[in-house]
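One structure below.
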Amino acid sequence: MKHATQPGRWKRTLLSTTTAAAIASAGMMGISATVQAEETFKVGLVTFLSGGASGPFGVPAAQAAETVIKAINAGELPPPYDTPGINGLQLESVVVDEAGGPTQQVEEYRNLVQRQSVNAVIGYISSGDCLAVGPVAEELRTFTIAFDCGTPRMFEELDNPTYFFRTGLDAVADNVGAARYLLDLHPDVTRVAGIQQNYAWGQDSWLDFTLSMEQLMPDADIVNNQTPQLFSGSYGSEISALQTRRPEIVHSSMWGGDMESFVSQANSRGLLGQATAILTTGESGLHRFQGQAPNGTILGGRGPFGAFMPENALSEWFNEAYEAEHGTKPSYPSSKMAQAILALKFAADNSGADGVPTSEQLASTLKGAEFESVSGTVRMALAGGHQAMQDMLYGEYHYTPGEGAELRNVRSYRGECVSAPDGQNAQEWIEAGFPGAQCD
Amino acid sequence: MTEILKTQGLSRYFGAVTAAEDINVTITQGEIVGVIGANGAGKTTFINMVTGYLPPSEGSIFFNGRPIKGLGPRKLMREGLARSFQIPQLFLELPVIDNLAIALSAAQNDHLQMLRPVRTAERLAAADDILEQMGITRYRDEMVTAMPQGARKLLDIAIAMLGNPRMLLLDEPTSGVSMEEKHALMDTVMEIVKRRSLTVLFVEHDMEIVQKYVTRVMAFASGVVIKDGPVEEVLADEQVQTLVTGKRRHTRTATEQGDV
Amino acid sequence: MLTVWAILIDGFIYASWLFLVAAGLTVIYGVMRILNMAHGSLYALGAYAAASAIGWYYAGGGSQLWMAFAILASCALLIGAISGLLIERGILRLMYGRDEILMLIVTFAILLILEDVMKLLWGTTPYFAWQPYAAMGRVEIDVLTVSGYDIMVLCLSAVIGLGLWFWLERTNTGKILRSIIHDREVSEAMGVNVRRMFTITFMIGATLGAVAGGITAPIISVVPGIGIEVIVLAFAVVVTGGLGSITGAAAGAIIVGLARATSIHTMPQFELFIIYAVMAGVLIFRPNGLFGQAIARKI
Amino acid sequence: MSLQKSEALMIAAAVAIGLAGLMSPNWLVFTTTLAVAKALVVLGVVMLMRSGLVSFGQGLFFCIGGYAVGMGGRFWGIQDALLLILLGVLASTALAMILGLLLTRYREIFFAMLTMAFSMILFGVLVKSHNLGSTDGFSVVQWSLLGWVPQSGMGVFWLALVLGLLVALFLNRFFQSSIGLACEAIRENEVRVEYMGISRRQVLYINYVLAAAIGAIGGSLTALAAGHVDPEMAYWTISGEFVFIALLGGTGHVAAAFIAAMLFALVRTYAVEFMPHTWQMILGIVLLLIILFLPKGIWSLFTRHRRTAP
């Protein structure tokens, strides 16, 4: 990380806070921090650097940010982003660990904005953190992009947002897309089971998926759903429980290490021979399974990210630059972070501001806009122009020893097909039979 | 002369081990009774049963004519039965004055009071008084950990007395105290006992002390009372000399192991 | 009927893994009266060492299962013994004689430190050493399958349990250890080098933790934070069984294992708190756990 | 009852901090608010520690206080902050009165593990409660204080200061009172306590229930300040953090918990900022150093050169 450590300040803080004068002295530091150089644009990056989500999501996202920001500052991106910096300003980043839960994150967010005086914040993988930070972003009037979190409740609970954006899809699209893919490629399936991590993400995903299945494939029975604890790592008993129900399809929204362990164990135990798995976040394991998932396993990437990125100049550049710097191809969290930073650059470049654009200028530029990204053209068409509407893609894993993994039978579903129309509750939309969905 | 403590057929077994068996004792008001016996003879077990710390396996206990079997130390303290310990049971990390203050507050049944300070002027005066009587005033504001063994024994006994008991059971009050200090300690304690006309039962290994302070002695061996009567009579007994005082065979070692 | 069989099989397999994880914890507590929270980190250290070594072996073209196991075992043993020695000599030794609960917090601090040390050493990318697990194949019973690797873990767990029992009950060192458990001061007075025995015990306990991690590595993907997830589970097992008792740890593991398997097969929604419910339930009726003993105060 | 010197100092400090808040940057006001809220839960841990018990489950009451505020506002339309806090206190007290019957029988590791188990059971229940947002939790709706709707963080800051001060003043008396000393006596020697005619369980029970109620106030204030509640509040690592802060401050004085909570918040904030990858290690090392060199917490820095304080 590039920020300078300031041992003097450290020491002073430690000493001064032991006395009742803590408030006053630390307050002065807060003021001094605001008097900083004006020719940079400071962005706070919040992502998991510790805990179970750091490996598969947090760190790849932070690495992507590093790559993209470096290229932006050097002006090395392909058009339309080939001007150095954003709106001519060098981009400076402050990276913060997302660990500690929503309350902690609200505190860190305030620190970023008020003490570190960042001009914008990009971050948040955990849905709980997004839900907690959203209102604070509005309160503090700071341009903020949620790059990954998937909860559909975010814009349902945040009335008329001005400063808060999400440049990805919510989890509803993942699961509507999954059901549509099954309808297309496995229309005769009758027994479907699931395994989800026991927390909001898993519960919501399973609910959306089963509701969609009721509409799209009413003949398929839901035979079982397992809910192992987050990060439990070993799924022996859950696999037996699934086996005793003899499913043909196993749906899972598990992510990261948990998803990879489940796949490897289920494969060794033969479950994946008995049933086909559909993994809504499976793309992050594409280059890591190394044949541990049977060919034909269905993977999603939460949109046109990672290996699902369409071929264009930006994605080509990103693939190469990321691999050159970090030794592996970018997975979807990396692409999503890149997309969020590109959104920031788009908003800044087009804000018409003289010098550092204000949050108001950034927000009004991005609202409802269309911008080029590693995932193609992104339309901020949902939640009153605050959330991206993008295609949902699924494909089948295919591994050839010696040659590596690829995706086959990739199907793309238009955003209008997998996302509820603006302002409508997603679950009600699904239960009503997807009114207004455009799937051609 | 009214009887204050009476036990009938009091026994305690630990699995196959008999710690005390068929103990029948009657103690009258104002008596000062010594208890002697080798280690493991059942003396502390007897005290533990009488004060409600250890439930007896069989038998019954009466205090002031009321059956008290099944009552715990807490209830018995309220009945007027107090004890000291072979290993002083004190609040080591609290100042001596607080050790006494909490005892006084408990004696007044005021220990659940949450807003008034425990150290009231009245309690401090009472505590200072007992410290003075025991001759340990100089430790008043020290932690108990700063006290020598003899002073701790005195503090332990002082706390027992603060509950205004009618009967006091002292478990080896002089163990761990140097030869020179022993008599001074017992003089101090016995003077207060006399002044308050308490009934006392005390366990003691030092026969000199026993002879000096008590009128009646109970000799324990292997969980049974082998002799009970006036001091001279008991100490002269052949069986007692063999099994307890060791005059006939060996001299006792001075290890201080508990009987429990 | 199929479900009953599945519950029994899963229950015992899970119990054997729980026992592996909890054994070191209970040995250390039994002798030293330290409830070692850093046990989770030792588990994670063993897992990281084994996973990276196995990954390196297979990436280099190796394909011999026995070699992989030899590497796995030696890595786990080595890292367990070394870190055990370092923790005991470097930190715990300075703290002996403190309150039991304070020692728990000391080990909590060690856990925090080791978590970041591991991140510095291994980064945050998941390590994946699935090859031995896959190579051990599976046994099929109707639609049910049992992994060969799990059966091996079951056997290993039984061997380690019996070994520990033999060590504590039948050997000279065991006798000395039991004397320390019974009365530390008297043992010291009788010439037992308690400090040396503490070092040995802690190293053995730590090694057991690392071995548990090493054995688990091929089953899971090794990521930051696995130690923290495991430690609470191990606590629940040893507290249920009775702290410091090998038999207790085994009994606790079996009860928790069967309870969890039953819940997964019949009421998957309760899985998250079944372990705590079992622990609370046992403690309500047996305040010192199944095989635990209350210590009376000397008066 | 006259005002003690330390009480006068605490009142003065609270007034000074309250005024300083007007001139301080917003983030510091927020951090201070959370630290005060956390300190209240920590005081509950300290109360238990004084009686010789370490709770690894104080997050239980922290969480109940928080959820009472969240649910009271969202589902039952209670607007007033004081009513919401009262709701949390009542809920916590009711639960503690039931759990206390059981928990006062346990000591040491068993107490720690059982408290943790109950907290984790609540965590499990909340994770399973889809209507309450599962692990995501939900946000706290707009609240008012005696009819006044605060527009910035200053409202909850002052509320936290006032409640924190009241609790501190109460506990300062409590620690010097008979029952306060009885708690310490139980820590030191239960046998003697029983022989003094004191019921250990009665004393521990009252102490436990009070600690729970105070913990709930902390949870409620956190929810009001952060505007969000989630099950993580009941997770055992949060409870571990409370124990950490309690050790950091020590059990010597009520004010220690507040200073320690503030110090912890700042150390953590700066550690997260300057060493985003190794802040846990910093916390661990700090904890070890405290246990080694300041076994009675940072408060011993203030009292080291004075013998027994009055």
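A, B, C and D label the chains in the order they appear, each numbered from 1.
In this section, a contact is a pair of C-beta atoms (placed from the backbone, for glycine too) under 8 Å apart; a residue touches a chain by one contact, two chains touch by 3 or more.
Model, not experiment: these values are computed from the prediction.
Asks: Using the touch definition up top, find the fewest steps from chain A to chain B.
Replies: When the steps are counted carefully, the minimum from chain A to chain B is 2.
Asks: Looking at C-alpha means, what's the farthest chain from chain B?
Replies: Measuring from the centre of chain B, the most distant chain centre belongs to A.
Asks: Return the chain label for which the distance between chain Cα mean and whole-protein Cα mean is smallest.
Replies: D
Asks: If you average the Cα atoms of chain A and of chain D to get two centres, how far apart are those centres in Å?
Replies: 35
Asks: Distance-wise, how many Å sit between the C-alpha centres of chain B and chain D, to the nearest whole number?
Replies: The mean C-alpha positions of chain B and chain D differ by 43 Å.
Asks: Which integer distance in Å separates the CA centroid of chain B from that of chain C?
Replies: That gives a centre separation of 48 Å.
Asks: Do you know which chain C residues sit against two or more other chains?
Replies: If we look for residues of chain C contacting two or more partner chains, we find 115-116, 119, 269, 272, 299.
Asks: In chain D, which residues are in touch with two or more of the other chains?
Replies: Where chain D meets two or more other chains at a single residue, that happens at 127-128, 191, 277, 279-280.
Asks: What parts of chain A, by residue number, touch at least two of the other chains?
Replies: Where chain A meets two or more other chains at a single residue, that happens at 49-50, 198.
Asks: Sort out for me which residues of chain B touch chain D in the complex.
Replies: Spelled out, the residues of chain B in touch with chain D are 51, 53, 72-74, 77-78, 82-83, 85, 89-95, 98, 101-103, 105-107, 109-119, 141, 159-160, 163.
Asks: Flag every residue of chain D that touches chain A in the complex, lowest number first.
Replies: These residues of chain D touch chain A: 13, 16-17, 20-21, 23-28, 30-32, 34, 127-128, 130, 133-139, 222, 226-228, 230, 232-233, 235, 238, 259, 262-263, 265-267, 269-270, 272-277, 279-280, 298, 301.
Asks: Would you tell me which residues of chain A are touching chain C in their complex?
Replies: On the chain A side, the touching residues are 49-52, 54-56, 58-59, 198, 224-229, 231-234, 236-238, 240-241, 243-244, 246, 256-258, 260-261, 264-265, 267-271, 274, 288, 292.
Asks: Which residues, counting only chain C, touch chain A once they are in their complex?
Replies: Within the complex, chain C contacts chain A at residues 2-3, 6, 9-11, 13-14, 17, 115-116, 119, 123-126, 128, 130, 133-134, 136, 138, 140, 143-147, 149-150, 216, 219-226, 229, 260-261, 264-265, 268-269, 271-272.
Asks: Quick check on the complex: what are the chain C residues that touch chain D?
Replies: Result: residues 35, 91, 94-95, 98, 100-102, 104-106, 108-113, 115-117, 119-120, 228, 232, 235-236, 239, 243, 269, 272-273, 276-277, 279-280, 283-284, 287-288, 297, 299 of chain C touch chain D.
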